[in-house]
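Before anything else, here is the set of structures, which you'll find just below.
Below are two complexes that have chain A in common, paired first with chain B and then with chain C.
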Partner chain A sequence: MQRLKKGNYKLPAYLLVIMNILGFGLLCMANNFDPNIMYIGLGIMAFLLLVYCIVVVCRMGDKFLILIASMLITIGLLMLCRLNLKMGVRQIIWIGLGVIVFFTSYCIYYNIWFWDKMWFVYLGLGTVLFIMTLTLGQKVSGSTNWLSIAGIYFQPSEITKILYVMFLSCYYSKSWEYPVLKIKPKYITAMGTYLFILFLVMQRDWGTILVLFLIYIFMIYIYENGFGFLAANFMLAAVTALLGYKFLYHIRVRVSVWLDPWSDIANKGYQITQSLFAIASGGYFGRGLGNGSPSYIPEVHTDFIFAAICEEMGVFGGAAVIILFFLLSYRCFKIALGAKNPFNKAVGVGLTLMFAFQTFIIIGGVIKFIPLTGITVPFVSYGGTSIIASFISLGIMQAISAKEVRGEKRAGK
Partner chain B sequence: MTLYSFISSGLSYVFTTIIYLFIFSVIRLIYLDIRKMSTEDKRREYENQNMVQSRGTALNNRRINTAVLHTVKNKEAVELRLKKQYIIEEFAVFGRGEDCEIQVNNKFLSLEHFQIWFEDGEWFLLDMKSRNGTYVNDIRVKKTVILNDGDEISAGGLEFIFAV
Partner chain C sequence: MRENKRIIHVLIVISILFLSLLTYLLYFNMFRAEEVALNSYNRRQWDEERYVKRGSIYDCEGIVLAETVIGDDNSQTRRYPKGRLYSHIIGYYSKVYGKSMLEMKYDSMLLGKGDISLSFGELKEGYDLNLTINHKLQEYAYNQMNSRSGAAVAMNPQTGEILAMVSLPDFDPTPEAIERDWNNIVEKENSPLLSRAVQGAYPPGSTYKIVTAAAAFEEGRNNEEFNDTGKFEQGSLTVDNFNSKAYGKINLKKGFAVSSNFVFCTLGYEMGAEKMKNITERFYIGKDFDFDLPMNTGTIGYKSMNSSDSALVAIGQGKLLTSPLQMAMITSCVANGGNMMKPYLVDSVTTDNGYVVKKNRPQSLALPISENCADYVKELMVETVKTGTGRNAQISGVTVAGKTGTAENETEKSHAWFVGFAPSENPKIAVAVILEYDGGEGGVHAAPIAKNIMSKYLSLK
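Moving on to the complex of A and B:
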């Protein structure tokens, strides 16, 4: 006999509710008992629960993705509202939009079946976005990667990452085998990769370069036979990195700050040392929401939000964020492994790698494990495009798992 | 130290606990999910093997899942002239009542004693609030349980061995 263990799908949702009520109650208290904050908090909580219920009731595939993402959003949102209430409210609006985008991308991806035949669309759209950024872009804190349309600023490189993953998947799912202009598709993907990286170098967006390149390397490692092509790419990257280190001032500064931030603590090393101080002052359980002083860290709301979480929620809180991302990537990998359609499999692997490396690069940078490159933490950081892009990727993953659960026949074909 | 910072630092422990409970519950759900999937895979494999064996004789495509209750020979079983085995197709109620799929006229049994059914690749057993209870491997059944091959089911002094 085996006792039937029924999974309690309500328990995590209840915990999410308690977390939100306590957190926003605390924020409400910090702002002289302003009831509006409580309403906002309850609203976003109800919204996230609604999404979870829709996913469970409509059998939209994997149930855990949205649950884990909700917890990450809650942690990030509490932190943002505590840092700057205005930003928190704007973030809530973005999350609302993001949820709509989540369902839209789910429906679109679920119902269209010719994704694997449109590699030129992804490549073209990515290039157009890059050229638009370079010509019409705004310079914000050193890098030209912002585009403003009708007063709304957004970062096209976040969207490009998804396009790039789909572009690579077209080739690696073996649905694109014909050569173009007598060049094999394998070399066209390589050329596309380096074209994107070149554009990103012009924008000085080192974090995205690292993410794209790591996705590329790992896709080669997963799909290509033999190590020749992998080694060639690696050599090329190493040579480029060395040249960049030699001739580009930006990269040299980042590496020297990574190796020794203490020698120039007032200037170049200020950001990273403040982050380290913040993490250290948190201790195991943190100083409590609102008790710390994370506002000393520059850019604390986007890149350095992990340091703020570590300060006010402690090392355990920071570790919890990492574990949540770990679970998210684990679920995504599982979906990718289970997918039968090769294109869905490749897209699943690519998006998983995207989530995982993005988290690794920024958290590693914040704790001075690897050189710091500015990039957002998915779902946690402040930033409209980042949230929207994360929700699009999540919607695609959800659609892949739904196709698997419901059977490929009813989806699209 | 103000009241706010006191409450806030107290709540930081609560937050940590909640987040870890959340992680724990999600991991547990994932674990249950994986186990369910692996048992389904095993069953599918088993069914495929059966399909190969009975390819020559299979006439209809729809497969009916069957399980067998082997009667253990004891005094009551001989007195009641029970069959050697009872075949369950998808669903069966065991009891004294006339509507039961498996009807046994024993005074220690309730009208509807327990039911066995097949769902999502697993066989389930549920005691239907019988007076004398149902025991699986000598443990009284209180909730729905999953049956494994070779489990001993006993009810009202009668003993059966469950076989898939």
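Moving on to the complex of A and C:
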């Protein structure tokens, strides 16, 4: 309440206003003063501010999470409108749906208290989603990770990541201690993890594999007493990675392209070199919104959107995006640290790790800091599933934070 | 709580990861981006050029040497009205194969970069280059070379301005021709893309005796008498005079005029490796400087050099290699009283309404020898044209100074060299001519070309 009176929560909201007006204003100028762009900018700005007001007024916990996410959404939408206005409009629809999902997941998570008892539901649902993807899935650019339901395409792996975090949390919050078929839950979580990873290998979704595995490793580090189990998992991963490198052509190509993309610019190194050309051409301050040529970058609206941001908004624009994600992770860590309910704490940490690693893996890949594995940038990339999954996670984080702020007693338990 | 402690560890790890992303992004932009952005696969380089009318290139009198023409469909074409004549100075400009020579070096100027005027849609004008080249002389020199392989460089010894520079064989620089014939041009045995005047590396042969004579003057050996037996022998090294002619008792002046290998090998041998190395470096061989075109710096070629090597270097053989531009610079240095001027090709950069963006002024590059020494060598060179091997370079009414060279190489056919300047009292032009693998004497084949170029230039004034 103190903070609310002091009013310091307003300042970041002003930044959001400035970003929207300047960004969309510039884009409007670059597009021969197309008024539609200005309407989009003002509309999304009003919408995001409304969401922010609801979060503040209804005392839904941390006020900065939604602000940071709004800024990221603004930057992403700005870039998408610049790339392709129709795509930008579709993204707005997804954002609208995402916000509805945000409040829904917030309410559901806030009011249900038996989340920690349902590990088998998460495992089962995840497995079903994977099997559906593998049997009914569509192949899009080398990965079989798209599912089409009633004409709408979506990527189940985005949802499974959240299910996976919930599944792990059941065990690590110590609410699931009974063995199943004489197998300790510790080993069931390990088996579940590797089952998911196996499914993802079949889909060739290397980026998500990396995210899941890193979440698992860090969860073990946080919750397991000794380091033996951690080391065992690490060894297993190392051996698998080496075998993968030796026998899977895909992985070998990715590593060799990462080490030297310049020897085969026209073919294997095409994606990453186009991305680097874009970043290099942008310089520190970028070529200006609408002045660059991001259309040369393949997959620019999803995986490579960061390269487009760097080209037109400069390395400083790119750095701003990285810092925003860093702030988002920091706020999430804070919520997780403050959570008293062990399950909420575990879910908080898991989702935080998910955000952090997902951004690190894709941004690091696009700037050739680590080998490239295609995943989306949360809140920024184009794509319904990505936006909705990000909003679900955000809703859950918000609910955890709200439970903390308002006190557990009044929450649904 | 143990978990919270561990979560903080993880937070630290995540912070390090994000920080490393930021650091790498900045590192990439600071140290790698320039090279990456200029990669020929980066299509953006051509994007910007769609909005700019590339600047024109003019000779010293305003004759158009390169221009961009806008077609009816707003397409731009680079045109070279003088055809092949400037293929080794201006270079080519192709969307497929990139740019070379001045088109490359002055790319950002030609595109008018740094011009901060705002433009909305309309075509921006790039900057124009005004060269020091005199088109009439360039054309004349080109015709004098008569399609023979080699190079001719003419410069103003007092300023360093390049007046004409021909390299042969050449190629058709128009974008269509480059794109059509690229493989042919690249694979051709006589390498037409090699700009011989600046990138060639030739043994300078007897023209290098200019440098040796300067060294001898510095060592006080200019009045010595030699007993020329026609054959220099020292250990396993034997060097004959041209046509094995023995001149008997001669001094340095006479030895220079008849180009006696005996005299100069003896001097090189006795003055030693250090002296020859030192004077070669002073004449800027093997040293880089900022020139408008990519050039070969030349080399003395030896890591450790003994007196026999020094005897060979003294007559411009052995492992010594120089470019025709460097020989023109050495000649200019003697002509200009020991002050070596920095050669340059671009006089000024101007906007289309005449505002001067950049102006190059004459600059001294080095002072390799004293004025006395330069005057002495000049005297030897005048004598060479008057009575010695350079008689074919005489111009009536003008005192010409020069030196011939017939440089042996890996083939049977020697290179024919001539370097010289005129008028010797107040040098206006210095010339270096080489006909590669010519097989003839420099004094017979190269000297008349140099003479004609000099006399043409003096008559232009």
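The working rule: the second predicted complex is superposed on the first by the 406 of 413 C-alpha atoms of A that agree within 3 Å, B and C clash if a C-alpha of one lies under 4 Å from a C-alpha of the other, contacts with A are read in each partner's own complex, and residues count from 1 in each chain.
In this text, a contact is a pair of C-beta atoms (placed from the backbone, for glycine too) under 8 Å apart; a residue touches a chain by one contact, two chains touch by 3 or more.
As the structure is a prediction and not an experimental result, all values here were calculated from the model.
Q: Could you tell me if A:75 is touching chain B, chain C, both of them or neither one (first, second, both, neither)?
A: first
Q: In the superposed arrangement, which partner chain does A:293 touch: chain B (first), chain C (second), both, or neither?
A: The answer is second: A:293 touches chain C but not chain B.
Q: A:134 in the overlay: touching chain B, chain C, both, or neither? Say first, second, both or neither.
A: neither
Q: Is A:16 touching anything from chain B or chain C once the two structures are fitted on A? First, second, both or neither.
A: First partner only.
Q: Who does A:325 touch here: chain B (first), chain C (second), both, or neither?
A: A:325: touches chain C, not chain B.
Q: Where on chain A do chain B and chain C both make contact?
A: Shared contact residues on chain A (touching chain B in one complex, chain C in the other): 323, 330.
Q: Quick check on the complex: what are the chain A residues that touch chain B?
A: Within the complex, chain A touches chain B at residues 1-5, 7-9, 11-12, 15-16, 18-19, 22-23, 26, 29-30, 63-64, 67-68, 71, 75, 285-291, 312-314, 316-317, 320, 323-324, 327, 330-331.
Q: Quick one: which bits of chain A touch chain C in the complex? Just the residue numbers, please.
A: 218, 221-223, 262, 265-266, 273, 276-281, 283-284, 292-293, 296, 310, 315, 318-319, 322-323, 325-326, 329-330, 333, 336-337, 345, 349, 353, 356, 360, 363-364, 367-369
Q: Spell out the part of chain C that touches chain A in their complex, as residue ranges.
A: For this pair, the touching residues of chain C are 3-4, 6-11, 13-15, 17-18, 20-22, 24-26, 28-29, 32-34, 36-37, 39, 41-44, 47.
Q: Show me the residue ranges of chain B that touch chain A in the complex, using the header's touch definition.
A: Where chain B meets chain A, its residues are 4-5, 7-16, 18-23, 25-30, 32-33, 124, 136-137, 139, 141, 143-148, 151.
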